[in-house]
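Have a look at the structure below, then the notes.
To keep things simple, chains are lettered A, B and C as they appear, and every chain counts its residues starting from 1.
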Amino acid sequence: MNLNSLMAKIEALLFVVGDDGVTAKQLSQLLEVDMMEIEAALSELATNYSENEERGLELKTLAGTYQLTTKPELADTIKKLVENPNSQVLTTASLEVLAIIAYKQPITRTEIEDLRGVKSERPIQTLVSRALVQEVGRAEGTGRAILYGTTKEFLNYFGLKDLNELPPLPEGTTVDDNEETDLFMTKFQEAFNSKE
Amino acid sequence: MYEVKLEAFTGPLDLLLHLIHRLEIDIYDIPMAELTSQYIDHIHAMKELELNEASEYLVMAATLLAIKSRMLLPIHEGEMEEAEFEVDGPDPREELVTKLIEYKKYKEAAVELKELEENRAQVYTRPPSDLSGFVPDEQLALFDLNVNVYDMLSAFQKLLRRKQLKKPLSTRVARQEISVKEQMIAVIDSLKLNGGKSNFSDLFPYEDKSTIIVTFLSILELMKRHVVFVEQKNNFEDLTVTLQKEATYDELEQFDGQN
Amino acid sequence: MNLNSLMAKIEALLFVVGDDGVTAKQLSQLLEVDMMEIEAALSELATNYSENEERGLELKTLAGTYQLTTKPELADTIKKLVENPNSQVLTTASLEVLAIIAYKQPITRTEIEDLRGVKSERPIQTLVSRALVQEVGRAEGTGRAILYGTTKEFLNYFGLKDLNELPPLPEGTTVDDNEETDLFMTKFQEAFNSKE
């Protein structure tokens, strides 16, 4: 297929799927064109958008799918017309819990609380209800605690293609977490009890 | 005494990191006496708030005291030599430091997430088009079997966001701006109607945010001028606003300069 | 304003407003540019779309309202999106309707359509035929519209014991203003406490 006509078709499809997005593979199946050609057309489209200053759109990969979005520098203009969909920003506590889940998933609530030194039920509930984290399984052993992980919506919300795009975790002293935490908790309990 | 609001902290570790930063302490060589006393001072300032997390802050205080006292244990003559050589001996602070450093990583990661959140909010998408016109009548499509309850929740979330996008332009433009002065009068009138007394929340029958803000500011201003008196009987109960004296319009007029 | 940058802004706005469209007058007010310039930019945009064969979009005017749509000659391509058995478009529609019914039951079709902004008869039918939702009663008032709710099969399908096991929605999603008021209450109490 001619590149121009392929680009037109892809643009139309991207427009129609909106924030559902579409993968290169789906495009390849739909248009019956091999992946190489699809990738080439997508990259050409992306260049077109970014290089032409009369274009207001850009091509982004969000949560593994290609989507059209408006250019970030036009945010002020659009803000005047529509409400910001991400206007309910997350609190510091929720972001903290989310960071722990994102980097340590799958992880239980108790593990999160050990790390933060504070109860975390409410932030977790907020994150679940905002579809940013979800139950991804159950821990072994007694209690079979819920294991939490991030969702596709998490990637979408933070504008990430996939989890590998998360900024690297800031450096710190690396320790064997579990062992260290257990030891700490024991000492902690001792210290606490001795006060009573 | 302390400019920092305790509600600003997400937990005891957060408070400790803040103190370490403010006191310019080397995290690997924490002066326990200083940190502990500062920490406890902050806890004291907090006692009125009856936060859910209070117990966690107290547990940390106990831990700090325990570490501090372990470090103060007198070293006996005979052990002195041993202690000097035993460079690798366990430092009572070690566990705390490890925990603080580990926590700090995620705290910093949270700051980066915040930045990503802000950047993402700069770009806008559009909802999928309605393609029902293209669907042949006989075709009844359903999601595949991998769909779980969280996917459904995500669908709902997307929908909620979309609805915000649809709010018409007109609701946000040409809104009549209400002044603090006008709202002070409205608050007084409303109090008079209710025998000079009202629940704080009843003074906010408004839907839009800017009116709520202006009303809030006007109550603060009335408090400052001792026109109203605000009290709370118990924690978490609604506040009661009582009219103390009637402000004259002349008096309210003075507010114009600052408005 | 520079024509290119005006075109970019208009394209982004048209993209975001979707089927609702926007009038030249609204654009003029929003962008603080006179009508002449707006008309010129719109006509330039329209030419761009139609003359560049790598573009899949076009500018349509309906009763003075401008909106972006896909080019009519690409209808076949878009049709494929719907005909594809794994089509996400349809998945999304039925999942969205199901989510609304699950969280807002009992609810009428009209209410669902108001929420989605799109006709929803077909997805509802699909869900009824799959026994995931059912008629649970009739609304009061004229018309006595059918009220929909979820079924036992729905719980079964998602592995839920009962509806209470649905992940909760964020607090204040339905009434943003309440949350805002709570925030002010908190701030107010802070200010109040600090006065003492």
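We adopt the following convention: a residue touches a chain if its C-beta (ideal position, glycine included) is under 8 Å from a C-beta of that chain, and two chains touch if they have at least 3 such contacts.
A quick map from chain label to UniProt name: A, C = Segregation and condensation protein B; B = Segregation and condensation protein A.
Predicted model, so just to flag it, every value in this text is computed and none were measured.
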Original post:
Which chain has its C-alpha centre closest to the mean of all protein C-alpha atoms shown?
Top reply: A
**OP:** Starting from the Cα centroid of chain C, hunt down the chain whose centroid lies farthest away.
**Re:** B
Subject >> chain A-chain B separation of Cα centroids, rounded to whole Å >> reply: 23
Original post:
Taking each chain's centre as the mean position of its Cα atoms, how many Å separate chain A from chain C?
Top reply: 22
Original post:
With chain centres defined as C-alpha means, what is the inter-centre distance between chain B and chain C in Å?
Top reply: 31
Original post:
Which chain B residues reach two or more other chains?
Top reply: 124, 126-129, 131, 148, 150, 153, 156, 158, 162, 165-166, 169
Original post:
chain A: which residues touch two or more other chains?
Top reply: 15-17, 20, 68, 70-71, 78, 81-82, 128-131, 134
**OP:** Enumerate the contact residues on chain C facing chain A in the complex.
**Re:** 3-5, 7-13, 15-17, 22, 30-31, 44, 48, 53-57, 68, 70-71, 74, 77-78, 80-81, 84, 88-89, 92, 167-172, 176, 179
**OP:** Going by the contact rule at the top, pick out the chain A residues touching chain B in the complex.
**Re:** 15-20, 58, 60, 67-72, 75, 78, 81-87, 89-90, 92-93, 95-96, 98-100, 102-103, 115-119, 128-131, 134-135, 151-153, 157-160, 167, 169-173, 175, 177, 180-181, 183-184, 187-188, 191-192, 194-195
Original post:
Can you name the residues of chain B that touch chain C in the complex?
Top reply: 5, 7, 48, 124, 126-132, 134-136, 139-144, 147-153, 155-156, 158-160, 162-163, 165-166, 169, 173, 200-201, 204, 207-209, 212-213, 216, 219-220, 223, 230, 232, 239
Subject >> In the complex, chain B residues that touch chain A >> reply: 10-13, 52-53, 56, 59-60, 62-63, 65-67, 95, 98-99, 101-114, 116-117, 119-129, 131, 148, 150, 153-154, 156-158, 161-162, 164-167, 169
